[in-house]
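Have a look at the structure below before the remarks.
Letters A, B and C mark the chains in the order given here, with residues in each chain numbered from 1 onward.
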Amino acid sequence: MADVVLKNVQKSFGRARVIHGVDLDIRDGEFVVFVGPSGCGKSTLLRLIAGLEDITGGDLFIGGERVTELPPAKRGIAMVFQSYALYPHMSVYDNMAFGLELAKSSKQEIDQRVREAARMLQIENLLDRKPRQLSGGQRQRVAIGRAIVRDPKVFLFDEPLSNLDAALRVQTRIEIAKLHTDTRATMIYVTHDQVEAMTLADRIVVLNAGRIEQVGSPLELYHRPANLFVAGFIGSPQMNFIECQVAGVGPDEVLVHLPNGSSVAVPVAPDGVQPGETLTLGVRPDHVQVSSRGPLTGRVELVEELGENHLLYVETGQGSRITVREPGDARHEAGSTVTLDLAPEFCHLFKTSGEALPARNRAAGSALSSPSRMTSSIA
Amino acid sequence: MKHATRIGFWLLVIAIGLFSLFPFYYAVISSFRSGTALFSVAYFPESFDLSNYVAVFERQPFGQNILNSIIVAGSVVALSLALGITAAYAFGRIAFRGRSLLLFTILGVSMFPQVAVLSGMFELIRSFGLYNTLPGLILANLMLTLPFTVWVLTTFMRELPKEIEEAAFVDGATPWIVVRRVFLPLMMPAAVTTGLLAFIVAWNEFLFALTFTLTNEQRTVPPAIALMSGRTAYELPWGSIMAASVIVTLPIIALVLVFQRKIVAGLTAGAVKG
Amino acid sequence: MSQSVATGIAPVQSVARGRRSSLTRSRIRAAWTFIAPTVIVLALIAGWPLARTIWFSFTDASLNNLNDYEFIGFENYLASYGGEWFGLLTDPDWWHAVWNTVWFALVSVSIETVLGTVVALILNAAFPGRGIMRAVILIPWAIPTVVSAKMWNWMLHDQFGVINDMLLNLGLIAAPITWTANPDTALWTVVMVDVWKTTPFMALLILAALQMLPGDIYEAARVDGVHPVKVFFRVTLPLIRPALLVAVIFRALDALRVFDLIYVLTANSRDTMSMSVYARQQLVDFQEVGVGSAASTLIFLIIALLVVITMVAGRVRFGEEAR
């Protein structure tokens, strides 16, 4: 069991810098998920922690020990790869035993640990098979088993579920969560799948272009995104963004004018914005409702029925489009004109730099929309 | 019209087949005819006379020649593969400065005309005291097989997934263990392919074998056949030469028929990708 | 398929400057350890002999005593005594050998390319027995050169040869031809045997390229009703050209080094002597290590020049593709 500390970790490939000085404290026993668009450096960061890539600058500590230059095997980590990376010519048993064998463990100890891990993952009946005789899900279990056998201080997962089909993905996700509960080991998990990130993580690290955008619990990121990038990246369908102008500033709220002239008072700290300044207003599709009155009107372009809820894509003039999510079946048809109301307490304001104005009176737990509703409809 | 195309196509196929096979077929027929029978042309087998085969082994140490060829080709294959697989791991999977230059230099060696090293190699082999010995031939043949062995194995090595190697590093393997325990078993099909090509090259090699051996007992098969002579200098023992040709060609044909796909894969990996 | 000589090397990953973990360091150390044996062996059996050959070409060394020689500069190549020129570059036999080699390379590789393409196109068509045909055409390639030369020698025998017999029976010739001894036919004979032996190699490389072509372009052409011959010249040929070029270059380099076939088929005959045969004759038969090495060095330079041109051209083409 160990904490993982990154201090100003940098990585360059030749002249191209892909990780720009990352600072991160991962607590002992924590489940941390790295998310971000492809090419953001999340896998590279994981490989730096694993020791599979050289750290160009900065330092890495695992369990208090500086491991920046140590080879992977001496860092007390185990890694589960996207492609499983099982040794094709070895049986499942040998795959799991290989690391211990290289560490010169006794035959008896190897046998005991392999069988224990196999029992835990219910793959005892597969121990004599070769990887090619296994299904994708079974291979994934063996890959996890190989990691468990090493009894690592830190588990590293590199998009471990992306090669599985949807049903298996959910099942394996639950097993990984259970593995974390059982072992209480530190786990670092890379994924591009928001559902995996939201459901598994104690804390999510959002990466973009080699930098950390925000670190926080799943609901913290959802309800209080620190900037435009995180606001747009977390949540599906994406948050609506409307350009607006500051009309007035109060101690606990900012009044903004929308492009059509209507105004909204958003309960956020002004943080130094001046009237006349251009901001971006963000509001999630769940927090926009079709109503008899409201600040926005537009024509419904498209209706998507999802069963438990439905999406309306509303064109509000000047080419801007607002997505609305409402429960149940749609009551509006494409082509009809609707008025939209926003819940000001769920609106976010972002400066042109992208930074969010700090929200007031907004506890993550007291959200009107339940998180389960949000996650269940993520593609 | 369509019929004519089909017939034309099949005629072409048959012509290619005949052209490819006829010389060997004719050698087989001739090898079973002896004495004056040889001095008339026959298109079909008419006798089954083994005296040529007997003569091949009686008039010269042909059994010894075959054994020499097997020893030389076998050793060359073993050495080329042993050196080639370790080198291919380094070239295929590790980024180090000077890698491309070195790999191209090695590829360049495979373009060397054999005759360009002949006098230098002659001196080298003599100074090692290996003139007219099999180890001398093995050493010389490595120049022909090692470069393309490294090259073909490198192209195969590059196709193995990177994550398997990384998993082994996480498991605590050293580069040497990765090669021996993880990649060697995975490279077996590629090694068989490359080994076959190296075997054929060494089995067929003529210039070195001709120049670096002196006595019949030390010769490999190709110079033995090329230098086969009859009772008089002007009369070549065609029957025996054909018999010897059939004997040394049969194992090669068997290899080709059995490993056809692997050989083609190796040729194209070395040439098209190379 | 379009990868050429120069493009086989894709950088696995660039070497990062700065600090290296012990994994990277141990891998780089391992790389050099793993490569060292191969490099040492090749330096010993290829680099050193080549250097010695070049050195010998500037000496008057003789084969029966390789330790006793003197440096004589370029005299093996070109020297003048009292207004008369001597040396390799004035030897008509050498220039004849150069001409023979170049002619042989040009003619045989051209024929092999055309025939190889035809054979590859046939093998690319689906017909029963295709697998057997592919194995059959591999047989000439696998037969040792010496053996195939001997087989053809026998078939081409002026008195008892089956070729003369066939042609006489068909009425194509009036009298037996001494194929390998007649200066008019000797080199053509060499070409024919080489074509027999090497066309399969060409065909297989071209076949590999053909099999990588997407099938739907042919279906599209068929739907459009384009004549098959036109399809070949307008679609197939441009697509397989890179692979064809690589195969032709490989073969040409091979043909310029030709030794076994000519040596066994026609012995040291001046009419067919190639550069390699000439060099070996000087070296071994005449014991003239100096002159022989000079010839060897020139052969090496000619081929090295071609290789360098090929590699540079290959790299340039790769650069264009990458854009």
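Quick notes on this structure:
Please note the rule applied: a residue touches a chain if its C-beta (ideal position, glycine included) is under 8 Å from a C-beta of that chain, and two chains touch if they have at least 3 such contacts.
Just so it is clear, the structure is predicted and the values come from calculations on it, not from any experiment.
Centroid distances from chain C, each centroid being the mean of CA atoms, peak for A. Across the two candidate interfaces, A-C and B-C, the one carrying more C-beta contacts is B-C. Computed centre separation for the pair chain A/chain B is 57 angstrom, with centres defined by C-alpha atoms. If you average the Cα atoms of chain A and of chain C, the two centres end up 58 Å apart. In whole angstrom, the spacing between the mean C-alpha positions of chain B and chain C is 16. Residues of chain A in contact with at least two other chains: 51-52, 71-72. Counting partners per residue, chain B has 169 as the residues that reach two or more other chains. Multi-chain contact residues of chain C, defined as those touching 2 or more other chains: 13-14, 23, 26. Across the complex, chain C meets chain B through its residues 1, 3, 5, 8-15, 23, 26-28, 30-32, 34-35, 37-39, 41-42, 44-53, 56, 61, 63, 66, 118-119, 122, 125, 127, 129, 131, 133-140, 142-152, 154-155, 157, 159-162, 165, 196, 200-201, 204-205, 208-209, 243, 246-247, 250, 253, 256-257, 259-260, 263-264, 275-276, 279-280, 283-284, 289, 292-293, 295-297, 299-300, 303-304, 307, 311.
Residues 13-14, 16-24, 26 of chain C are the ones touching chain A in the complex. Across the interface of their complex, chain C is touched by residues 9, 12-13, 16-17, 19-21, 23-24, 26-27, 30, 38-41, 43, 83-84, 86-87, 89-97, 99-100, 102-104, 106-109, 111-124, 126, 139-140, 142-143, 146-147, 150-151, 155, 158, 169, 174-176, 179, 200, 203-204, 206-207, 211, 221-223, 225-226, 238, 241-242, 245, 248-249, 252-253, 255-257, 260, 263-264, 267-268, 271-274 of chain B.
Interface residues of chain B, counted against chain A in their complex, comprise 161, 163-164, 166-173, 177, 181-182, 185-186.
Residues of chain A touching chain C in their complex: 11-14, 51-52, 54-57, 68-72.
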